[in-house]
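See below for the structure under consideration.
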């Protein structure tokens, strides 16, 4: 059964690649560049220092954003998870803001922070901060009450309960939230770069399209797809690992 | 001054306030002697678990007082009382050994001493060889035995058990019941055991407290004088079961009818 | 207890607004970048007409994209979810498309469909259809197999299985997909408008932003954000009402 699905999946992929290649005979290369042009380019760009420079900017933006979002998300998440009063007061407000599509804030961010790295970081931060926080809150709140009771019956202080019971028990869910957050950081940075940026992978994609450098557009797009897929995969792996323990 | 080992005096517990108040326990009065196996039995929802939580110090009394070995209960006292819940509640990120050590770890006992004690009690409950396994690898019965070992490790005088075998099948229950009797005889603890099983109460206890339907009150206390080991099919055990059932069946019916009314 | 909660919430909001006003009026923040709440409120009237047109247009596009995206998405989700082979083979592709920033396809879409209505809708549909497929597919896969087995043992035909068991059991997921779908449609429409469009709220906000008309941008942002919140709240209420009967 496994072999069958593997074969079928590869067939689909192969089919897509073939169609892609053939389409270039019918559609002008200003619209679609065939794999034969794109794949060599994919290898060539890594030597190009300009590309590496843009990649570096994107990479830094993602790291910065994720760091900020993770730390603030976890702190706020734990705080709201542990203190009921704070949670009752602020969780509805957070959920409300979460309901707003983050793109809505983007022009405002552009205004405040300009076209460069800060607006991207802020945008991606907003995108990932909410899921991380809300997931963390949910994870803490859903820790089985009996586990806490056991520790209490053994005389554990509130701090001990937090460190020895709540954190380990909520870890798998929190990690999955962080994984989602990381994937959203990648998305957020790319979106920010495409909608208005000076340097970065997204900027390269947008400008390549504008200049009809179609092969480059395809190549950069594939790079982004690979990065996004890898990040997603790593996230899922981390979560599964933490559950296995 | 009559000093019983455990004294429960005029205990009342009310949940909620004003219009929505539920009286879980009302004027509960009884005592337990040192070294006794004391069972509390009653229909579902009569407040037996609530009572146990109060004795363990995990919840606050609305009125009355509970005195354990001369000291009034004011909060969890892990040096005198250990609790086993219906849910084994093992931490599945810790090994069996690490789980059993947990109480001592919190107390700040040295690593070597913790280990020694934990291994001793793991052996006592019959789980030797499984020290490095994680809870997910253990069966329901094994998890519950681990939970008992964890409580025993605290080496308290008093052991409280809240329907510890509730989630297990009948065969495992009977076997674990025998194990528990053996452990009790070896460690000479005072055990307060909550159950809803008539057979379990008759098989394991020295005295049985029968609770009424909500609001929970002491309906009766039955002495069980049968020598151990007890045969589940013997005339004596069946007679005790019959006695309990006589007292309890009306209360059980009351609880069943009461809960039928709550569904909107 | 409830009053304490309310106090904290209202208190925080008031504190933020007061701080804001003080920062700007007191000269601590540049009014070009951070207009005071009072300026923002007054700018509402300035942009009224243009804003209304843009809002209607964006709303209209969102609705169309939602109908197509959610409609197709639910159909595809049910089909993929209910046929294990299709799921095994296609799921990685669906998931792959779902987890990447779909905005990277926007230039390609614009290349073929130009700036304006068509490319907007196409992208918004793309943005909507994938999450919807994922949710519905997941929901269908999670249906208790015993329900299907039981109907099958009673001799139900394939058509009956779908209409009497699978689709009804999938309704909660479908409702969830619809609720999220509309937000994704709005999101997709806005992104497309911001990237390359000559009309609509997204475009308007970008334009105002580049022109440094901060008060207007603020005002518009508040309006759109509030609308989004209202939509979500309304949908939650509907979801609760329907959910009560179904469960």
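Which chain is which? They are A, B and C, in the order written, and residues in each are numbered from 1.
In this text, a contact is a pair of C-beta atoms (placed from the backbone, for glycine too) under 8 Å apart; a residue touches a chain by one contact, two chains touch by 3 or more.
Remember, predicted model here, so these are calculated numbers, not experimental data.
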Exercise. What topology does the chain touch graph have (line, ring, star, complete, other)?
Worked result: line
For this session: For the pairs A-B and A-C, output the one whose chains share more C-beta pairs in contact.
Result: A-C
For this session: Please report how many Å separate the Cα centroid of chain B from that of chain C, as a whole number.
Result: 52
Exercise. Where the centres are mean C-alpha positions, what is the separation of chain A from chain B, in Å?
Worked result: 49
Problem set entry | Separation of chain A from chain C, taking each centre as the mean of its C-alpha atoms, in whole Å | 18
For this session: Going by the contact rule at the top, pick out the chain A residues touching chain B in the complex.
Result: 144, 146-147, 149-156, 160, 164-165, 168-169, 171, 245
Exercise. Which residues, counting only chain C, touch chain A once they are in their complex?
Worked result: 1, 4-5, 8-9, 12, 33-34, 85, 88-90, 92-93, 96, 99-101, 103-108, 110-112, 183, 186-187, 190-191, 194-195, 202, 205-206, 208-210, 212, 214, 217-218, 220-221, 224-225, 228-229, 232-233
Seminar exercise, completed: Interface with chain C, chain A side, in the complex: residues 5, 8-9, 12, 31, 85-86, 88-90, 92-93, 96, 99-101, 103-108, 110-112, 183, 186-187, 190-191, 194-196, 202, 205-206, 208-210, 214, 217, 221, 224-225, 228-229, 232
Seminar exercise, completed: Contacts from chain B onto chain A in the complex sit at residues 56-58, 76-79, 81-83, 85, 87, 89, 91, 93-94, 102-103, 105-107, 134, 150, 154
